[in-house]
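The following pair of complexes shares a single chain, chain A, combined with chain B in the former and chain C in the latter.
And now, the complex of A and B:
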């Protein structure tokens, strides 16, 4: 699992690639430490290349969302594969997250 | 041509890092049977969640304690039983993670997902053994 972060007009686009499971969820959390420390307030997590996520991965995304919200940052998810998206639907996390079909849509939505 | 049914049993220490090898074996058998990717995702996730629960909540991460995984696959279905050496838990008392009060909680979705993704889920009376059944066709 890897996260590549880029910035455009104050929006931080974090492209996640690989599998988010109990072994990699900590890495995912760490990848966002700097953005949280620097209080970056517009975040897009692009998940087009995330092929697998388990409950640890979902837990990490919930924690990230709560951490961003603490200082008023907005975080959007984009590009979820059908299977990953279905887990957000089953767990009702779709109500909690701002989920956009494509990365570009998420960027434009700020 | 139908592939013959197979059953196996793996005993693993209560070490999260060892889960991958067990999952890889099960996934290999599913690939051999051309099980579709969506089913494969559901089975992998459910088995992983069951083993994580066995390690973390059942065996309390004690690496001296064993998690026993036995599985049987044929053309019709896969059955996977995961047993830990703990005192067991009452699955009927698990909070619903989708309610407004719980949805913001970071944890507590594993068992819920298992029940949603598998066709049948059974527990022994003690609550330290979970059996997952998924129909493949």
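And now, the complex of A and C:
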């Protein structure tokens, strides 16, 4: 799993690629440490290339959301594949997150 | 059916404890994603067989392959990797009395992963929600009913998102409603998360609620295996007697003969 971060007009687009599971969830969290430290407040996590996410991955996203919310930042998820989306639904997390179909929509939504 | 992926395979499993031959050549194939029930009389060796499938016991003869790996051929570390992908719900809930509910559920995560505490706490909350025990994190096992303990045991079994869950008598000793709740949980987990479930039970209501396929163990062997419907309509007298609970039939419960009287007067 890897995360590539780019910036456009103060919006931070984080493209995640690979599987988010018990082994990679720790890395996922670390990839966002810098953004949180610098109090970046517009975050898009683009998940088009995430093939699978397990409970620890979902929990890590919840933890990130909590961290961002602490200083009033907004975080949006985009590009979830059908399989990943269903995992959000089973765990009833889809309502917790701001989920958009496409990365561009998420960027425009700020 | 032939094109289905076999996720667990037992071949000719033999096991004796001392003089007592418990398993006498058990063969089974379990498919990925199915809910497979193993039934059989008390003491016939169901738990013993399950413990072979999870690598807790080694057969005297025969082989078990789990997730495509022959357990006997694995090095310790490789075996551990395979075992991380399975979950086990024990006949007794096997919770640690000295730990809270959250402590019990999170134990595998704390032992086997580098996840940080906050994330682990969230995973525990998600699993408690799945088993219908939201807000029970801080209770001790002694403060729970039997059904709640079973559900905590289930939450612990799924905390690492296993591909296969083994259940040993998940509904034994529960009232019919709580039993139904547990059955629904087993089904939800199998269908929604495509988990393979292997369930040992002699709760007939439960068998036909959850099973895709059923095997009956008798005298150390599988005497019949088939879909839930095939089993329901079986012509096999042994199986018929078992599912209808008739005291008389090919399975003798009462021991006959003169040795009783002899044993009294000896």
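Just so we're on the same page, the second predicted complex is superposed on the first by the 110 of 110 C-alpha atoms of A that agree within 3 Å, B and C clash if a C-alpha of one lies under 4 Å from a C-alpha of the other, contacts with A are read in each partner's own complex, and residues count from 1 in each chain.
In this section, contacts are C-beta pairs under 8 Å (C-beta built on N, C-alpha and C of every residue); 3 or more make two chains touch, one makes a residue touch a chain.
This one's a predicted model, so the numbers in the text were calculated from it and none came from an experiment.
Colleague: Taking chain A as the common reference, can chain B and chain C both be placed on it without clashing, or not? Answer clash or fit.
Modeller: Superposition check on chain A flags a clash between chain B and chain C.
Colleague: If we overlay the two complexes on their shared chain A, which of chain B and chain C does A:25 touch? Say first, second, both or neither.
Modeller: The second partner, chain C, only.
Colleague: With the two complexes superposed on chain A, say which partner A:37 touches: chain B (first), chain C (second), both, or neither.
Modeller: Touch status of A:37: no partner.
Colleague: With the two structures laid over each other on chain A, which partner does A:95 touch: chain B (first), chain C (second), both, or neither?
Modeller: first
Colleague: Considering only touches as defined above, state whether A:83 meets chain B (first), chain C (second), both or neither.
Modeller: Only chain B; A:83 stays clear of chain C.
Colleague: Residue overlap on chain A between the chain B contact set and the chain C contact set?
Modeller: On chain A, the overlap between the chain B and chain C contacts is residues 21-23, 54-56, 58-60, 62-63, 66, 90-93.
Colleague: Residue numbers of chain A touching chain B in their complex, please.
Modeller: For chain A paired with chain B, touching residues are 21-23, 52, 54-56, 58-60, 62-63, 66, 83, 87, 90-93, 95-96.
Colleague: Which residues of chain B touch chain A in their complex?
Modeller: 16-17, 19-20, 37-38, 41, 44-45, 48-49, 52, 97-98, 103-107, 109-110, 112-113, 116-117
Colleague: Which chain C residues qualify as touching chain A in the complex?
Modeller: That would be residues 109, 112-116, 118-120, 122-123, 126-127, 129-130, 159-161, 192-193 of chain C.
Colleague: Can you check the complex and tell me which residues of chain A touch chain C?
Modeller: Touching chain C: residues 21-23, 25-26, 29, 54-56, 58-60, 62-63, 66, 86, 90-93 of chain A.
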